[in-house]
């Protein structure tokens, strides 16, 4: 006989005799096993001062639930034809907007740390990397969230979509701000409804967008930070100069190595392959080409910053570069998740409306699909660096002076710790 | 040289010569390839009437974003010590509440369909099963949502948790309503702060909870629906009677079979095992025992409803039972996901506050842990039926009259389809 | 003092006095509370005959773990330079292949049901829809699985990728089979390494691929099944004829309606919009155009099948169409998840190797990106039907004879149920 | 007219006239726009030497797919009654075992780094934290994997579960090894089938388990590492001593503060609350109590290690503690995910078999449920530290000498970097 003890989560199987005795026992247990003074505290779930009684803040007030859960007005209902699924449509979008707000919150705080120069004190790196990672976690949730929306079929949507015209997801101010603050460049944006993206917003919203374009983007701030990577100084460790030498030598050695072999079928292929690699690797040191690619939007960070990023990649295990390396990875996570979000959005829209025009008048599906281009990626350079990796023994060896650097973090604010004497 | 064509997502690799020619080409392409009248529509993302311009509803108004994204007030900030992570705490809880509202929306609609007797017309079963499935999908999202909250460490939380006292997640009205409407029984609830759960709410909230207890729960409505399962009629197909006969015979045959074998080591074990199964299976037909378990809360649905559920299990492939079978599975999904949500909640709370009292005064961890008991499961009977499965050849064969039943859906509202002549 | 009771998962807080008494109590509890004969069974986790002891199958043998967990040989290790992360690379791909096998298993079983004509007996629809849904669930897992692989950085991968040449994910026989059996058309495939996709495989693998192209694909089988949708008969309910009449009338009515209004600014727009819709909707009935699109691969199912699908969409709540409607949705799920899988694959590859050539010699990133085109979608028509939805009151009303049809499932195998007399 | 350009993923809408011209254009484009020598490389997906042709390793051989995908033998089929869903059962378990192997791979590598003292050189911390994080990511996947298994219903399972007897998931050697190597203590394990857990394994497996118990567990290694946290030295920074002083003073100040207030209703409560906190916080410094809790398994790490962990918590932003802090969090992730895995397992088993005995003879459900107790948690102490947090201004201020420590990483292997002169 299955019996579920009040004091445990385990069900236990007893015969009826045993059950009876157990019940008696529990009765005694409750009476005697715990002395009265303890009993009071026994059920710890009943423990504590009942604070809720005594005034003070209440959950619902704290969360302003009167606003949050009273903000769902079905247009279909208003127009006399209540469609059940419109509620899901509203809630889903509101949930997206809540999370966009949180992303903006994190983004702004990170940008502030970078901008204030606080990032020079490496104590702040944990915060930065944690918050960027949190943005990634939120984006992951938002990608999964489409699964809920997709429980609505095209037919369910059709029943109310005409009531929404011309409201459109494109008009999400927060999402546009988000893109701007990360660093989607204004000049690479696909026009929407044949107008500059910003012209689809009016008044204060238009202004906020403009302002966000003028503020330093996360991309810009990361670029500036990368430019300061210790070890790049030409008159110091001179990472870039050393790397060029090593790569040249490495390629030469490989060439000699292949040449020295007797002729065989694949020799030609190997030389071809080597040539190709040579072309790729030497292009890395062509600053002019970099500037050209920059001007076309195919690269996004300065030549110096690119060097910094590669340096962090190669020496990622140095104590001082460990968290920066994590940061670069998390920035790629964000980029990748943004495009995954876009792609899942495209899929959902295709399912909902086929190739038709979206509620805002544009062909939603085509517009969204075009935003999946690499133009909307921000940290492309971090991805593309994968193209320029070299064998470990080509990487310049650290010198003891740079070593000291990389084992020692930088601190700017000498005031925050006490002198030896005080506690 | 990597080149990213404006007209495609594909980057293509061209040498510089080719690139130059391609660029020329694109220029020509843009000028001539598409006749002017078509060009206008060429970039379909710019297509359509620009509806947003002409007035009508705007995204932000539709979603009442002024409410939604202006409902985050940090208590820590108000008290002069702004803590960054409190924002995440607020947003996460608000997102939970939004989704709770959506679950209630689906739950109420399903309960209404059952209550109105609309469920008798099997046209409505698709709606029911889809909405219950949607609830499951939302719960799955809510389970995943903890991962975001868990980017906040105990130390981050400690910095502002005192500002929240005595607000507590227990006070979520919507979650209590949700439990009540699904069917968590009032008398099995663990007290909170040594008070009846409902007494932790005041005024209108208390009333709403009381009312929700009095309304038919999803559990009750499903029970009533199961009781009407075609095939249970003792003077008809008599599923229960036939099943008992078959089980008795089946067990007898197995006994004879084992007995007839020569003595061998495991014979004893086999008989023991058979005996155990016999005990289990025959207990199924003990109505008194069922009533006893019902009274203790270990079973939750009537004897008749239990029979209906088992019948649907066994004949799930019959056309008329396919969607009902899916429904039973989705109900279990909801139950399982609710406890997974609870468990993930417990884990998060343990990480945040250890064993300390929660902000509401109770020991959050202990209280939450106690709600993971089977007492908070609603559709336990559907899970437990797995204990009473029998080999396929023990299942009573259908007769042609019940067959007709099970291939024919029931429709109550004869008015909804037109007569032969009209369209 | 926190105390964790042996008999429960709950920790309880007791002062030391209480703790001591509780301990005594538990000792007594264990001795007396449960009568000896029950005690034996008390800890049910120790219950039962210890079957493992007595011979019979063992977990590891059943799962052939000797094969499974001894199939990881690191090429880097073999070549004297063991790279830790290669193990992850191998395991991940093996896990993918295991799941591909499961998908093929489900796919083959569903195709068999369709092919044998078993699908005519609607008892089999539950199986079909459940298995297609299972494939979707597996694909969802496989999409998530990239997150594990992405814990490997480009630099970790670089350390061993040269050892893998020329092995490449393209060579996954099972994935190609999977695509073929679902219905990716051979003539729309992007060539790989400048060769027909199939020519990248040799011997038995090449043969298996060829054979899979010749077998009826899931797409073809679904098409044939859709063509048999009851209600399409021109001399019966004539869904298509009725729909055309209703759409024509509906559009005409809307036109009259707009015309009758006094001139106002948006009148022109409304007429334009109506015209556009008219064009779209009337194109639906243009069989020639359908054949043209078919020949170009932009549509994939016959004109008749398209009608069947739309009929199921419109009358999805009819008992007989509920599960078929679920099936159409699950087929779209599979299509969408396949492209999501492809896209996540693209993202991972971009992160791992930038724009470089893949290990198989092709530019992995570019090749994969090209497979994301709609050419690789199979059930495009089901998505595109969303373009042809109409208001509910335009949908032809059911007549009572078709009604009878749609409430009655079809059964072919009259032998499977017993006559009235037998059990 | 929708047109899907061969060169882009975008479909474009053109009228027929435009379409015709576009087609002409593309023909010209293909002929002229790209010079012949470039055309060869145009479709980059066909680019590169076709390495696969030329011999070398093939995907399937590399992954040993002949083993992996030929290791599925259905017992039901072997016994003449092939049950479709047994295949899913096998594949799912095999996928679990593959991933268990990967977890063991990571775990062993991390333990080695700790054991070799390599961890003293903080260059290795990135590896450690990345691999522990990877384990967490794998566990997350394994939790999600249950969703696939749950597409199998209890009835589907019943059809073949008798063929599996007595194989049981308990017999997964790798999972037991995993538990042991993380640090589930042998003496806290719940017996299985009334036998010591290890006695359920024979021969070599038994031996491997025994050996894994004798090796240093991850828990032990982390403990030793925590004990070396810089700043704990009583004759140095003396974190523990300073903390005690600060806490005592802090509590005293709060007491004075409350006392000085005029009598009011809540004064009593505040004092009570303060007292409770005092009790908790001072218990932290009671070494004897710690030893007592250790002996009972309620704490798991030494008094010194506990101090180290709390120190890392409090000074987590110091450069030297950032990655260690991440490590502590990831260890908690693993613990939490292990119990979530267990809980999802419990839920699945309950759904599959109700309360019946598992295939191994034990009551699977009850056994599994019992493993969810805190006894199976390893890093409990890290969770429980949340109970001992104090306001930021109670945390001892760093002195400049400890500051230097915490900004400077430790390096043991002075040989790995070159002297100033060489590159």
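Order of writing sets the labels: A, B, C and D. Residues in every chain begin at 1.
Note that in this section contacts are C-beta pairs under 8 Å (C-beta built on N, C-alpha and C of every residue); 3 or more make two chains touch, one makes a residue touch a chain.
The model shown is predicted, which means the values in this text are computed figures rather than measured ones.
Asker: In terms of C-beta pairs in contact, which of C-D and A-C ranks higher?
Answerer: C-D
Asker: Which of these, B-C, A-C or A-B, makes the same contacts as B-D in over half of the contact pairs?
Answerer: Equivalent contacts to B-D are found in A-C.
Asker: Per the centroid of Cα atoms for each chain, what is the distance between subunit A and subunit D, given in Å?
Answerer: Centre separation, subunit A to subunit D: 20 Å.
Asker: Please compute the C-alpha centroid of subunit A, do the same for subunit C, then give the distance between them in whole Å.
Answerer: Here the centre of subunit C sits 28 Å away from the centre of subunit A.
Asker: Please set out, as single numbers or ranges, the residues of subunit D touching at least two other chains.
Answerer: Correct list: 2, 9-13, 44, 47, 49, 54, 316, 355, 363, 366, 370.
Asker: Give the list of subunit A residues in touch with subunit C in this complex.
Answerer: It is residues 5, 7-10, 12-15, 17-18, 21-22, 25, 29, 32-35, 37-38, 41-42, 44, 47, 153-155, 158-159, 280, 313-314, 316, 329, 332, 336, 339-340, 343-344, 347, 350-356, 383-389, 392 of subunit A that touch subunit C.
Asker: Considering only the defined contacts, which subunit C positions touch subunit D in the complex?
Answerer: Result: residues 2, 4, 9, 11, 43-54, 56-65, 67-73, 75, 84, 87-88, 90-91, 93-95, 97-99, 101-102, 105, 109, 130, 133-134, 137-138, 140-141, 144-145, 147-148, 151, 164-174, 190-195, 200, 205, 298, 357, 359-363, 366-367, 370, 372-375 of subunit C touch subunit D.
Asker: Show which residues of subunit A lie in contact with subunit D when the two form their complex.
Answerer: Residues 2, 9-13, 49, 54, 122-127, 242, 245-246, 266, 269, 272-273, 316-320, 322-323, 325, 355, 363, 366, 369-370, 396-401, 403, 407-411, 417-420, 422-423.
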